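Right after this note come the structures.
Two complexes are shown next, each including chain A; its partner changes from chain B in the first to chain C in the second.
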Partner chain A sequence: MATTTVTPKGDERLVEASLLKRLLSRPELGAAAGAILVWLIFALAAPTGFLSLRGAASYLEVSAQLGILAVAVSLLMIAGEFDLSIGSLVGFAGATTAILASEFGIPLYVGAIVALVLSLVIGFFNGYLVIKTKLPSFIITLGSLFIIRGLTIGLTRLITGRTQVGGLDDFAGYAFMRSLFAIDIPIAGVGFSISIFWWLLLGAIATWVLLRTQIGNWIFGSGGAPQAARQVGVPVDKVKVGLFMTTAFAAWLLATIQVITVKSADTLRGEQQEFFAIIAVVIGGTLLTGGYGSAIGAVLGALIFGMVKQGLVFAGVDADWFFVFMGAMLVIAVLVNNYIRRRAEAARK
Partner chain B sequence: MKNFKSLALLLMSLALVAFLSACGGTPEVEKVETVEVEEAEPVEEAAEVEVETEAEEEPAAAAEEPAEEEAMEEEAVAEEPAEEEAMAEEAAPAAQTDRSDIRIVVVSHGQASDPFWSVVQNGVQQAGEDMGVTVEYQAPQTFDMVAMSQLIDAAVASNPNGLVVSIPDASALEDSIRAAVDAGIPVVSMNSGSDVAKDFGILVHVGQTEYEAGLGGGQRMAEAGVTNALCINQEVGNVALDLRCQGFTDAIEEAGGTVEVIAVELADPIDSQQRISAAIVSNNPDGILTLGPTGAAPALAALEEDGLLGEIQLGTFDLSPEVLEAVRDGNMLFAIDQQQYIQGYLPIVLLTLYNTNLNTIANDVLMTGPGFVTQDTAAQVIDLSAAGTR
Partner chain C sequence: MSGKGNGTTPLIEVRNITKYFGSVIALNGVSMAVRAGEVMCLLGDNGAGKSTLIKTLSGVHQQSEGQYLVEGQEVHFDSPRDALDHGIATVYQDLAMIPLLSISRNFFMGSEPTKGRGLFKRFDVKFANRVAKEEMAKMGIDIRDPSQPVGTLSGGERQSVAIARAVYFGAKVLILDEPTAALGVKQAGTVLRYIAQARARNLGVIFITHNPHHAYAVGDKFTILKRGRTFGTFTEDELSREEMVRMMSGVDELDALSHELQEFERTDKLQGEGMMSEVDHALAKSLEESEHLFDPKKDNEHPAQ
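Right, the complex of A and B next:
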């Protein structure tokens, strides 16, 4: 992507840096190297499945589903906040859409819009509470993680008596929703999920906003030096509330994709996704402390995650060992990331 | 062999990190050597895999051009009159009689922390050894059907000679399983999914039908005089477990009693115990049915703590050492046994025979349960359960 070579505004703006040096200064460089490393490991360890088109479609879909969350989370984390409630929100938004269709006969696309509005309201409240109470967003959204999950299970069981709502393909508007959110695009005879497109689109928009717009500067400012940002007139509170609504939007998008793809909603959907999204963002070079990071990095972090997750299946690693490899791969990716960044910073000086 | 492969992969990745960090300082000859030595093993294996799949790649390529595939099918039909299309497609693998070339992937929804599923996994591994075939066992880390469907997709992409799946949520897994069947991979389902297996094009389902098992449990409870029961669900969202509770409820209600469903946390026994205790206080039940050992253990603990062992009739689905001891000692009325060991074992045998000999089973469902373990039989089963096979 062309935007990768652009130096952030305000960063050594008087120095005319060479293209290579500017490239080295990007936070996502380490993640790119990590992605290539992980790809190489699995290309060697499991060439049959991993290198096939079907294999690529498989790990790209997994990456896309996490990546949609990770891109939004990266923006929020650059602004210095966490949102732990998105995993629960995935379950909530999906269940809302499905219940509206199955119990009240509302077409799926209307149900999805209602779910979107509710998700945005929840996102707004997350942000509003963080701003008003001045409590860490970690605590506030940890609370909403449980509240939303509990509400989803409680309400779903209250209304349907079950915890799953299935057979969505029989309801009005399914075909239309499928063409938007769940269709497979055939490339060389293998179906690639349209969620991959959504993932890349979100990544591109987020990158554009971060690097080319005033809002992008506000986001960096809100996370890096909120006090200074306020003093120069950045609406830090509005930026943060807006970003909480962005993560809620991403959760809704993922929920809709999942619900339409698998034709059922489950109250447990999205469990632990909030942590995996944060991990993907950190792999992508965004600092936990805020003020530094990139959306492309989040896209690459999700790619690494998807490749590791599915690659382990191709490599024939038993499920017993999954977490060991998951953890090892993540640490390795971050180590490589940090190492490259250190080298890059040294080269820049 | 499997663990060895895993270790090799881990070593290789660690070696790469060592290599990268070594580049940061002064390059040391020693470290570079380590990298070469440790990389050698996986490369060998990679070669092995290539050989294994050369034969299979052809049908995969043919799938892109339907005309060719049909031609192949007709050839196969000419050789051996097969009734089903799926069989005809499998003509190529069927010719492969060397069992060590056969690779079967199992994708279940069983979480590694559940003792029930570790018995299934033991069955899978023992069958792999007995049949002399390669088996791989996969499961999502939480009860997440999206993750499970992605695991199935990945398994299909690796083009195995057979696929074993459990189907706890048919609509969520349908597309992935149908894709496997369409790709010409013989699929056997086990444990859950008896109602949809045939429709999906699955060769046979190995398991127990949940509703009937719950009904049987309820009838036994009703015989013992239970009128006010709890159904403890440790995996809320699993349709099979909902069906068990449903069958149990119907049987108790038929006898004039009532049932309340209580949800507990699979991974947190202490919390589960407290919730069951609380439910006992508020509902004052005379019978409890748990849907697995992860529910039975905290239920037993709750009864013991409240001094109600033997007073409240306790029954459970599935066995574990502590469940069996409780049944032997009369603290538990019965344990419903679906014999999950053979749910892991038999699909491997069936798929091996299908690959080498094109054998199929005529029944849609191979019933492995329900059987009831009571005080009379518990002692014998205890030894087997401790060995991880019951």
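Right, the complex of A and C next:
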């Protein structure tokens, strides 16, 4: 380019960014390294269980259940918002599907669609309230977390007299729903839960949207500098409302998978999942402040979560230690992410 | 100084614009015009109404009274988007960029190029990278890697991304809100060069600054705002730097005063030569000293000796 001669300051930029440095600047790098490390630790600590295909199937299923939420949450967090209500939405969507079947004789697939519509409406309201009130989404969805959980328990008890609905396999449409949401797919003689494929599918779609579509760019813009994005015509409010509906969709999908898999709905299901999802997303390299992050990172964060949870079981460690581990992982992940990001930026200068 | 403006119809013109915020009069009868290929410097101290004026020009505010014409047609903008659609692009001081996002993604934010159809409609990364690189090259910056985060660029280069973006998306008028305010001397020089580039491409530029040296370096015309009024529009022949500083008043005069006090002895000597008043001397001196910032070699010379 003939223009290189125009200014003398060009020399500052002559340091070429190597492939390694480019790789280092990817947000999910820390999570990838963490996943390998965790895998190695448990491969050494509990080789028999952890390294078997059956072991893999079990930790992948745990990962998948959280990962479905985490992928959606990562998009929302990149857009600069939180959704704490997804855990209670899981309970709500599952209970809705089950009650419609058990009390009103509605086929499970119809009930699931009704639950989906209601979940999306709740997601829409979360987003709408955040936009209109301009309050932090943390507060709005903390409110809806308790409202939804309370309503779910209250209404379920009012209608059924209990807080659980069982025996879903007796209701119409169960076989069909099971084929979509709860069957095991045999690979090398071991059944892998279909939820794993849902998780990976969602992760792939989210990554595609984020990196290769216009909406993806808008998501980064909405979180990175909303005012600036608005000035250049990005519909920031619509993007955010859409992403609140996406997290609601993910909560519904997880609820449906769980309800169909265990053949019962429990109003307390999904408790604390909102926090685990945020942890997985942060481990995946997404900034709490928005504008930077990755859906692949969220997939890896969930993978770490699943490996640790099941790995501790295989290693014969009391499951109580799981929380300690996850909390420590969260803090370490944030520190590592900050470090890597600063280094990557400095390296390119 | 090239290109004194060629069109007869100004690209944008305001006539007797006023703007009230409740009982506060922010603008009190401001008139100015910008033609293609012309850099209009908007000068004024803090509180002179520069921000209100450019926010009115860029559609953020609506004037209370007065006319706003774009290429001779009266317009009313309800939003910045309206102004953009008329080819009026504003580059704000805070730059409107996402530091951790790549240059090309920032460049195309809100107007992303796509290829494919339906479900496969996707962000055209290659096109975005190529155009961002080309457009920056036209501004005289060679970007090695358009996918590097904007945060890795210097302040001056970031300004130039914003300017290049506005030009690429069809801006006819560029409004630059204190683009040199937060920059070091060298980087400010870079930005001034891009302003000259934009003029060479026949854009009308409104360059807001409270630094008369920067204004004098690229300006064709100078409009001075003071307390919500226009003090007049001048060409560079009509207005010397010293006069410009004095008209703007405020900070620079205080500067001059402090110099006067500091260098009392020296000005005392010079007074023997008569003619110039103390304030004039101090003004000249402070201006010369700022000049040195651009040219360190001059450091030890003293022009009045």
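Methods note: the second predicted complex is superposed on the first by the 301 of 349 C-alpha atoms of A that agree within 3 Å, B and C clash if a C-alpha of one lies under 4 Å from a C-alpha of the other, contacts with A are read in each partner's own complex, and residues count from 1 in each chain.
In the analysis below, a contact is a pair of C-beta atoms (placed from the backbone, for glycine too) under 8 Å apart; a residue touches a chain by one contact, two chains touch by 3 or more.
Treat the numbers as computed from the prediction; the structure is a model and nothing was measured.
A.B. asks: Does chain C touch more residues of chain A than chain B does, or is it the other way round?
C.D. replies: B
A.B. asks: Scan A:Gln164 for contacts with chain B and chain C and give back first, second, both or neither.
C.D. replies: first
A.B. asks: Is A:Phe325 touching anything from chain B or chain C once the two structures are fitted on A? First, second, both or neither.
C.D. replies: A:Phe325: touches chain B, not chain C.
A.B. asks: Would you check which partner chain A:Ala57 touches, where first means chain B only, second means chain C only, and both and neither mean what they say?
C.D. replies: It touches chain B, and chain C stays clear.
A.B. asks: Residue overlap on chain A between the chain B contact set and the chain C contact set?
C.D. replies: In the superposed arrangement, which is not itself an observed complex, chain A uses no residue for both chain B and chain C.
A.B. asks: Hey, which residues of chain A end up touching chain C in the complex?
C.D. replies: Chain A reaches chain C through residues 1, 3-4, 6-7, 9-10, 12-14, 16-17, 25, 208, 211-214, 216-218, 220-221, 224-225, 227-229, 231-234, 287, 291-292, 341, 345, 348-349.
A.B. asks: In their complex, what parts of chain B are in touch with chain A?
C.D. replies: Within the complex, chain B contacts chain A at residues 2-3, 5-6, 9-10, 12-14, 16-17, 20-21, 24, 39, 42-43, 45-46, 49-50, 52-53, 63-64, 103, 105, 112, 121, 134, 136-139, 141-146, 149-151, 153-159, 169-175, 236-237, 239, 242, 263.
A.B. asks: Which residues, counting only chain A, touch chain B once they are in their complex?
C.D. replies: Of all residues in chain A, those touching chain B are 37, 41, 44-49, 52, 54-55, 57-59, 61-62, 65, 153, 162-164, 166-169, 188-189, 258, 261-264, 266-269, 271-272, 309-310, 313-325, 328-329, 332, 335-336, 339, 342-343.
A.B. asks: List the residues on chain C that touch chain A in their complex, please.
C.D. replies: 80-81, 84, 92, 94-101, 105, 108-112, 114, 121-123, 125, 137-138, 140-145, 148-149, 151-152, 154, 186, 190, 193
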